[in-house]
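Each of the next two complexes has subunit A plus one other chain: subunit B in the first, subunit C in the second.
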Partner chain A sequence: MSLDVLAAGILAGGLYALIGLGISLVFGVLGLMNLAHGELVIGGAYLASLLVVDAGWDPLVALPLAMAAMALIAYPLQRYLLTPLLRGSKSAPLVATFGLSLLAQALFQAAFGTHPKALPAAYADTGLSVLGVRVQTVYVIAFGLTVLLCAATHLALTRTRAGSAVRAASADPDTAAVLGIDVNRVYAVTFAGAAALAAAGGVLTGVAQSFTPSSGLPLLLTGFAVMALAGIGSVGGVLAAGVALGVLQSVSVGLFGGGWRDVVVYLAFFLVLAVRPQGLFRKAHAG
Partner chain B sequence: MRTARPSLRLACAAVCAALLAAGCAGNSTSSAGSSSDTGPIVIGTSMSLSGAVVLTSIKDGYQLAVDQANAAGGVTVDGVKRKVKLVVLDNRSDTNTMVQQVRSLVLSDHAVALLGSCCQQNIDMQGQADALKVPLLMGALPVELLPKAKGYAWDSFQSLADGADRFYELAATTSTNKKILMVNTNDAQGKATGELWGGLGKKAGFTVAASKAVPGGTTDFSDVIQAGKSTGAQILIANMTPPDCFAMWKQMKALAYKPKLAIGLQCAQTPGWSSLGALGDGTLVQLNWTDSAGLPDTQMIVDKFAKKYPTLNDLGSVALGYHETQLLLDAVSRSGDATPAAINKALATTDMSSALGPVKFTDNKSTTPSFIGQWENGRIQQVWPAKGAVPLKSLSGLN
Partner chain C sequence: MNSSDTALTVRGLGKHFGGVTALDGVDLAVRRAEAVAVIGPNGAGKSTLLKLIAGVHRQDSGTIHLGDRRLDRLPPHRITRLGVALAHQVPRPFHGLTVRDNVRIGAMAAGPPMRGPELADLLALCQLDTKADRPADSLRVLDLKRLEVARALATRPQVLMLDEVAAGLVGRELDEAIDLIRRVHGLGTTVILVEHIERVVRELVDRVLVLNWGRPIAEGTPAEIALDEEVRAVYLGDGGSSGGGAPAANPRDDSQDMKVVEQDASASAVPHGTDGDVLILDNVSSGYGDMLALRDFSLRVAPGQIVTVLGANGAGKSTLCGTLVGTVGSRTGRITAFGRDITRLPVHERARLGIAYCQEGRRVFGDLTVAENLRLGAPLSLPRGEVGTRMERVHTVFPVLAERAGQRAGTMSGGQQQMLAVGRALMADPAVLICDEISLGLAPVAIDALYQALAEINAQGVAILLVEQNVKRALGICDHGVVLSRGRVSYRGGPEGLLDDADLDAAYFGAPASDTSVPTTVTAAATTASGSPARTTGEPS
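Now for the complex of A and B:
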């Protein structure tokens, strides 16, 4: 296997991590498996396309606006739809996010059509050579941005008052509420933050690849695999898991050919779930 | 009190259940119809009008032919003019839904004949048509891919072999080293297409220098590109879904792989190809219809739909739908009693020319002409065969 292929796997892992980070955040804090996460990713890409394709903006300039817009859309969804459902049965919010996923796909289709779209950018199809290894520029940008966003998320969770509230609400929402933390608001802010991260992943996906209204499901599965490999509650673990997934794909292609790429990845995914359900990058809880 | 760490295993099980539920979701759309001796003749179709594949342009072709027939008073069956009712159901790209809808169309709506969907769904629909003994007329499935069955499915479309021959004829006129990088999806259709194109390439004097199978949804093609570069292949044949081709084209350019000729089977037909901008320029596509080849009804189709569908491939899909329906209505008219068995028998003796060209069935298949087109500035133009074609341009997008 060449270094080019290995480097491509590592860099693609950055994008996987960015998509998985939001899923991990929502699951870790809210205990909610958000089946609409793929549509949050694609929604970010479509929102950016309004600025990039229609208004001629650079995708990286449109990215923060797409993140903010997705966060604004996600906040009320969590606050007024999903949080009330979380108080009921465990399955209700899961089904609700599945419904939101279908609804979002229908909306994308109605608003943007079904043909694939891509976000044009000068760095979408250019490459860089580093020590004889050639890589795609957009994946280098995506990797750098993912590291930046992972670091920002980690710092926000560990070094801010809001982060303390999130961790308290995650550990024990009842006690957190008694201590005066507005748990519902914390949930909504967390969901909005995850949506913003998803949107960033969507913009970069749109630049590096393409997107259609139904592109969300494979992205959801990728993000889910990242979360399972990483375990819950470790931002650094998510980044490492994304890279591990990318490398695993590259190695499997090198060893077995492209046809086995998904088989090897999902085999690893199920093995981790069976042997280390807490994830590769977390220690098992005692008791 | 809830646990601090939700169970990942439980969540996985829930996700799997939800995804399974998604696969089982159905479409409750239905409508009534009748195919009595004097009432309207009901023709049904279950097609992908939402989800992964959207065939609105083919549906428009179906409707155009039916509307024209009804505007002329209906189809003449045994000397009596009878209106035609087209019942269209959206199976949302889901095969299970399609199966249920086809049964509903025949058993509840009393459809006497069916029109096809696309691609693999047509193959899946063939079994239903045979089981229900109702004729199914399809396009959008290369004739080689129609399995041998009980005789109720009819395919009038281009052939993979013709398309490959046209491509190699065109490639022979260009200056390349005749080495091919072949990339196919790793499903049955991808494998069959790859073998056929590879075999015909060898016959035409080309060499498959590297062949790669990739699963749908692949986004990293670095190993494929490396194979193309290391073997020096100057001709790329990519048989993949559009999103996969989008990702690969970008990566090819970024990693400086510069073939001289590239064709995107399946993938480059999408009008979305234009969103690649200059990167997509020069890419070749296989077409079943062009507006410059002198096919029947071309001007009528262009006049009615060019505004709605500005690209050649979408107009070709309208022509395909129109063509299928014309053939079916012709068989209905010649059947004598508009029963499924009589229509099926009449289809076997079809001898007419429609929007995709002349049609005569052999073993339930009729091959229509193939063309090679080329993307340039967001448009596709025919570049082969020479009649009606514009000169071939270089693969500027990747060079």
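Now for the complex of A and C:
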């Protein structure tokens, strides 16, 4: 096994972590499985393509704009559609996100067609050598950005009062409300934040590979696998789980060939759910 | 005891939830066809005991046997099939299914299917035969309780455990529920009853086990338990300060009038520039589902006043708190805060008006640090400097919160967590502080510290609504007292009107205040335990 394979796995894992982080955040705080997360990712890529393909911007310049735009779209979706549904039952918002996922795919198709798109950039196909190991430049950039965004998310959650409000609303929404925290708003802000992270993942994915309106589903499933590996409630755990998954995938492709890529991911997913449902990187809850 | 006449044997049972001891060394042997009651105040471990027997939770120590068969390692469905059934306080029927189908599903759990005649007998026993084909959703409270019992009986249990099935029933409904349990017991079923309502215990069982903080403190016939001083003390609180130091150990002098519902504010400082009352409840009724836990309740809290609301378990105290802060919706009536109608205002907006709430059970965020918990009490929009100032103010009241600032709240002791909960509420700079059972489960020395802090907080002009089971403590500090009994007011006035034991018994348990013969009064008081007034209407005298 060459170091190239290992390095490629680690770097690809960064992208997985970025996609898993948004899913994990929404599930951890709202208790909602967001089945439309893949479309938030792809939506970010399409939004960026308006600036990159049509206006000639660099994807990295378009990235913060795509993040902000997805957050602005996501906020009212949560506040006025999903949150009222959360009051009713657990399954209604889940089904609603599935509906949103289908709706978004149809919208992408109508607006952008079904042809694969990519975000052209100078660093899309180049490689570079780090300590004698060959890696793709775009994945190095993606990994760096992921670490940055994970750190920012972690600090926002643990070092700011708004972050403690999010953690409080996650742990005990009733008590948080009694303290004057507008839990519905916390939910909407969290969802918007997760959408922004998704958009960032989408732009980077769009540079690294091409995408179509239906590219969201495999990304969603990879994100779920990351969340299952990481467990809920630890940003560092998500990063570690993404990297672990990337390495696992890359090594298995190296050993068994490309056909085994997804099989290994889902096997890992089921094994972890069966053996350590609380995730690899989280201590079991007492009581 | 010979196993042939013993239905259920519990030995040395212990259970912890996190750092909280729910049960500690409980022994109980129930003979075949016996009826036994387990009583005790909130948090005594009664429901935990039933859940351990039913296999819903696993014990940390001890054993449970049904006859010679060991139960405590079996999954819940096996225990049910062996003949132990549990009926819950809040019935949870399968909605959309008829009454008959609900019972039939209960029967499926127990081996050979229940055939038509047997099912019909069971429905008749529970007086559901005329309603068998109605959807379970359409049942009223009493019938829902009957259905809960019927579903438990459908598993053909040798031992039927009833977890407060009479809760929320009044008047004739209560008679009917007692009759039902008596009929079931009469058929030879062993009955274990967890109950707060004294009448149910007195009329149905031969033997009572009293738990307090997970430990058995008394066992005997209902009459013996009624005379037990320790049991009485447990239900009425520890009787004042242990160390003596609390500044407000005596009732204040400024509340002489027995009927001072609208007495003048005794406050020196009026916060937030409010004039008039801080809180007014006007004929408020509220509850859960079909049950009204609070009925036509009115109350005024003036600025700077300390009002205490007393009452036994299930009297409606926590419902009152929930209704005030908005977690429980009110059905009728009007709630006004600072002159504004807040009856329909969402929870967080009420909090921002200056109503702070310390919930029962502390509810601190265990994974967050002490400092983080405190900061959450302040509005997010408050500038950092001001948050710091408020924290310093809280730290002067509770110095331990400064020492533990970086510690995770969940790792502190119960008393410290309670201080944190009060401190967190103070961070909102409230005009009124609602405290629900803040002395519950704390050592007397911790209660001293908390009550001293309450007096300090009140001296700064914060009105306090104190909901307590600890009667003597609450009366020692309040200006005005209200006793709730099953959702209605049974006393209203100055604390001195409750200091006399006979008066307190009358308000609490409905014993006639004029009857001074000791045995009668004490019997009424203690068997009621946390229970019901003899007058089922419970109207204020």
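By definition in this document, the second predicted complex is superposed on the first by the 287 of 287 C-alpha atoms of A that agree within 3 Å, B and C clash if a C-alpha of one lies under 4 Å from a C-alpha of the other, contacts with A are read in each partner's own complex, and residues count from 1 in each chain.
The criterion applied here is as follows: contacts are C-beta pairs under 8 Å (C-beta built on N, C-alpha and C of every residue); 3 or more make two chains touch, one makes a residue touch a chain.
Since we're looking at a predicted model, the values are computed, not measured.
Student: Once subunit A from each complex is brought into register, does subunit C clash with subunit B or fit beside it?
Tutor: Result for subunit B and subunit C: fit.
Student: Is A:88 touching the first partner subunit B, the second partner subunit C, both, or neither of them?
Tutor: In the superposition, A:88 touches no partner, neither subunit B nor subunit C.
Student: Once the shared chain is lined up, is A:132 touching subunit B (first), subunit C (second), both, or neither of them?
Tutor: After superposing on A, A:132 lies clear of both subunit B and subunit C.
Student: Who does A:257 touch here: subunit B (first), subunit C (second), both, or neither?
Tutor: first
Student: After the fit on chain A, how big is the angle at subunit A between subunit B and subunit C, using C-alpha centres and going to the nearest 10 degrees?
Tutor: After fitting both complexes on chain A, the angle is 130 degrees.
Student: Which holds for A:56: it touches subunit B only (first), subunit C only (second), both, or neither?
Tutor: neither
Student: Does subunit B (first) or subunit C (second) touch A:179, or do both, or does neither?
Tutor: second
Student: Looking at A:162 after the superposition, I want to know if it touches subunit B, subunit C, both of them or none. Which is it: first, second, both, neither?
Tutor: second
Student: With the two structures placed on a shared chain A, what shortest C-alpha distance in Å links subunit B and subunit C?
Tutor: 10
Student: Going by the contact definition given at the top, which residues of subunit A touch subunit B in one complex and subunit C in the other?
Tutor: 171-172, 174.
Student: Which residues of subunit B touch subunit A in their complex?
Tutor: Per the touch definition, subunit B meets subunit A at residues 1-2, 4-9, 11-12, 14-15, 18, 21-22, 50-52, 54, 186, 212-215, 217-220, 222-224, 226, 242-243, 246-247, 249-251, 253-256, 270-272, 275-277, 279.
Student: Which residues, counting only subunit A, touch subunit B once they are in their complex?
Tutor: For subunit A paired with subunit B, touching residues are 1-2, 4-5, 7-9, 12, 27-28, 31, 33, 35, 53, 90-91, 94-95, 98, 102, 106, 109, 114-118, 120, 124-127, 134-138, 170-174, 208-212, 214-215, 218, 224, 227-228, 231-233, 246, 249-250, 253-254, 257-259, 261-262, 273, 277-279, 285.
Student: Under the definition above, what is the set of subunit C residues touching subunit A in their complex?
Tutor: 17-18, 325-327, 346-348, 351-352, 357, 359, 363, 365-368, 372, 375-380, 387, 424-425, 428
Student: Using the touch definition up top, name the residues of subunit A that touch subunit C in the complex.
Tutor: Subunit A reaches subunit C through residues 161-162, 164-165, 167-168, 171-172, 174-183, 286-287.
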